[in-house]
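Next come two complexes built around chain A: one with chain B, the other with chain C.
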Partner chain A sequence: MLGEILNTYYLQIGSFILINIMLAISVYVPLSSGQLSLGSAGFMGVGAYTSALLTIHFDLPIFVGVIAGALAASILGVIVGIPSLRLSGVYLAIATLGLGEVIRVIFVNWDSLTKGSVGLTGIPQLGREILEFSRGLGFEPAMIGIRNNQFVFLSIFLVLLILVIAILWFVIRQQNSRVGRALQSINMDDRAAESMGINITHYKVVAFTQGAFFAGLAGALFAHVIGYISPADFSYHRAVEVLIFTVFGGSEVIIGSVFGAFFLTLMPEVLRFVSEFRYIIYGILLVVLMAVRPQGILDANLLKKFKFKRSKGGVR
Partner chain B sequence: MLKLTNVETFYGQIQALKGIDLEVNEGKIITLLGANGAGKSTTMKTIAGLLKPKNGSVEFNGENVTGLRPDQLLRKGISLVPEGRAILTSMTVLENLEMGAYQRNDKDVRNDIEDVMQRFPILKERQTQMAGTLSGGQQQMLAIARALLSKPKLLLLDEPSMGLAPLIVADIFKIIKEINEAGTTVLLVEQNAKQALKIADYGYVMETGKIIIEGSAQSLLEDPRVVEAYLGRKSTS
Partner chain C sequence: MLLEQIINGITLGSIYAIIALGFTLVFGVLGIINMAHGEIFMVGAFVGVTTTGVLGWPLWLAFIAAIVVTSILGYLLERFTLRPLRGKKGVSHLAPLISTIGVSILLENLSHHIFGAGNKPFNTSFSEISINIGSITVYLVQIVIFVISILLMIGLTVWLSKTKAGKALRATADNLETASILGVDTKKIIILTVVVASAIGGIAGILVGMAFNSVSPQMGLSMGLKGLAIIILGGMGNVKGAMVGGLILGLSETMLVAYGDSGYRDAIAFIMIIVILLLRPQGIFGSKVSQERR
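Take a look at the complex of A and B:
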């Protein structure tokens, strides 16, 4: 019965949505401290290549590779984050965009390691590895009535879902903590924040590095979901796409990033029936949104209204 | 309590402070006067750690604190209310006050917030409102109240009267006086020399990065140079 419901195509779209949510959060977190970083494609690439190379050449388990990829991206985040403190607004955006391009060019030209623009193939696939592992424990997908193929896509989806929930839990908790308050104050007025005794250097680097970590994590997972990566996957198109998720959904609240990534990943799929017109519709939608709701679809006020309505309904 | 010796601060190549010597004694109100661009705010920022002096030393309670970070200085008891009421506009009044106690983790914070709201009843009334919706004078009061919640030994006020109506200015100065009487030492930067000298014990006058006149508030009020340049009337004597 389960075998009939599970459609691998839907599961794969679901997995892409989840990866894109991670990427959107990687833009959201630095932005919540007033830092507009367009480096997510670059950090994603570092995570992807690190994990892919480690698992291909050293036969490491995927989860070790993914952790290493995310850490490599965060280390780069610290290295770049500290000098970038002197930059703000568009200047930081340009610098991080430049960083992403530098990383991409390194991937293209470091032939011996990255195979240049051809890209890396034969990256161990997350779903397959989980399948092997389950078989080792004596489990067969047929036992719950699904095909191997379905099991592979389902396991990827579930792993990603758990990770996204964990990341959301972490970020939301952090927002309601001392750290979150510090980041908000820096975003509103860094001078005021500094005079209240908030070490703005420290918190800005923390936020920037967290962004790099989430992007690196998403990149590493991307590599093991797709099984093939090339420098073109991490070009500035990707950086802009990820930024649009956050800006479209609403950059003031984290749920905005989630919504943006969800909606904008799903839309081209849903619009398949209008085939070549779908990117035109996508473009028009963005232009209209920026004109009508520059703060994004969701913002704090809108959410408050929802909550208010709901609690009023509850009383009745 | 606070002692600056030959402090020189630069903005890149430009020297904003050209050897400042200044002393603040415990329990007093000291005022720093001067025209725009004289270096008053730069002096304050240097004391609070927002700028690092190139030469000279800053001593606080006998300890050399030159070049420490703002958060370290706040922990030692120096709190700055920056120029232009730097409040957190999209947090509520209460949240702003809580942020003032950011570095504290003692149990008295709630009590102290209550105390501060007693002193500024308007803040209690507006506590759930966004700080950005307050009037200019209320925002300034919030900025001062917030600074008080870090329990400073020395309160640095950078032009608290800027852009406020005369009646509100009088209120603010009254509050500064009260804060001082409650035991906090105050260093006050002002353009409104007359008001500042009325409540201050001692004053310094700055011009182009140097201190040119200093003396008791009374003597400055009578000093013909101060009278002519900053109090806006011809010297009568």
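Take a look at the complex of A and C:
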């Protein structure tokens, strides 16, 4: 019964949407403190390669590799963030743009480790490991009436879903905390924030590093979901794509990133012709959005109306 | 050998300097990083390829064509992406940055669709001619590039310091409101700045095509990044800084290729950004004001 409902193709698109939501949040968090990061693709690459190499060469379990990948990305975030965040947001944008390109150049050139532009193959797959693990516990997918590959895709989807919910919970909780209010005030006016006694460089680095962590996490998971990565997966285009998720969906509210990633990942799947001209459309979209609706599709006002209509508060 | 490398480095550096000039002019006047400048430059290079390669026009005509096309692009960029954001309330300072990123990705993928992904050769009638001085070989192309970039830099400096339009531009860069009170038509000056910067980018595009003998839609990004690194090195909005910074980057890249690992050539620009941000964030020639937090 369950076996007939589950379509592996839909589950896979669902998994991509969830990974993209993570990436969009990785741009949203620094942006909510007024910092534009163009390095999400680079951080994603660092996470992906770290985790892939650790699991391939040292036979580590995937979750250790994923955590190591995310940590590696956030350490890099601190190293790049501290010099550039002392200055205006423009410097960060340039430094992260440069960072992304350099990371790609290193992946292409460090042949002995990264196999150059060919990329890494045979990365342990998340779904298979979960399948083997649950078999070890004496569980067979057939027991709930689904095939092995359905179980693989379903388990990936569920793991990602739990992670995304955890991240969303963390970010929303943070927004209502001391840190979140500090970030908000920096976004509105960093000088006023500084004069109120907020250490703005500290909080900017915190926000930026969180972004790097989420991007690294998403990258590592991406590697273990796909099983194959190459430097081309982490190019500047990917960084711009992630930026568009957030800017299109709404960069002032967290639900905007979720909506943007969801909508713009699903779009090329539903409308095939969109996929071919995707980046051209993205480019036009960015220009039009900035001129007409710089805060993105969803903003606080729209959500308030929504809430009013439904009379019960759902999204925030 | 070393002398040859230095000549190569200076040629490359003078091209980088010209690209950086385009960034620095726009930043100086508008306080905006024009992320689309690299792609405008790339369009200039493709105009050069099409006119000299496909249509068989002479080089000087190719230059004029590139200047015309990129000037129009510059005007459109100002009209449709920068002007709507200016003076609007509630627009964050990141909006023009994001908007020009949109233009850059649009231009790159348009030329990808039109010209294809691969490298296009850029042949000039004199690309093989070289002069031997002692043991050193100097290509005529290198001399042409060097002379054109020097002329361009001198021309720009004179234009900025002596002419009325140049003075108005500098006044606007200094303080837009004061300049407009004193009777400068700042709207016109802003258009002029973006158009001139784009035209310079177009010239740089042809020079790069001549120097590397190949043009591709992806070159805008890597060259644009180098231009950005140079203006951070030389000081944002500083014309002299852009020239010196360009030469430094050109020379260090050539030295790395000659005596080190050529694969990491593109990494130098980034390392330079980080080092300069740590040591002297206002850049070599920058004043203290420009490092102010925006």
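Note that the second predicted complex is superposed on the first by the 286 of 316 C-alpha atoms of A that agree within 3 Å, B and C clash if a C-alpha of one lies under 4 Å from a C-alpha of the other, contacts with A are read in each partner's own complex, and residues count from 1 in each chain.
Everything that follows uses one rule, which is that a contact is a pair of C-beta atoms (placed from the backbone, for glycine too) under 8 Å apart; a residue touches a chain by one contact, two chains touch by 3 or more.
Keep in mind that this is a model prediction, so the values were computed, not measured.
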item	value
Contacts of A:Val80 with chain B and chain C, given as first, second, both or neither	second
Contacts of A:Val287 with chain B and chain C, given as first, second, both or neither	second
More chain A residues in contact - chain B or chain C	C
Touched partner set for A:Ile106, first chain B, second chain C, both or neither	second
Chain B versus chain C as contact partner of A:Ser185, first or second or both or neither	first
Which of chain B and chain C A:Asn149 touches, first, second, both or neither	neither
Which of chain B and chain C A:Ile198 touches, first, second, both or neither	first
Intersection of chain A interface sets (partners chain B, chain C)	191
Residues of chain B defined as touching chain A within the complex	48, 50, 69-71, 74-75, 79-82, 86-91, 99-100, 102-103, 143, 146-147, 150
Chain C residues touching chain A - in the complex, by the definition given at the top	33, 80-81, 84-85, 90-99, 101-110, 113, 221-222, 225, 228-229, 232, 261, 263-264, 266-267, 269-271, 273-274, 277-278, 281, 291-294
List of chain A residues in touch with chain C within their complex	31, 34, 36, 38, 80, 83-84, 86-91, 93-95, 97-99, 101-102, 105-106, 108-109, 190-191, 236-237, 240, 243, 247, 277, 279-280, 282-287, 289-291, 294
Sites on chain A touched by chain B in the complex	178, 181-182, 184-185, 188-189, 191-199, 201
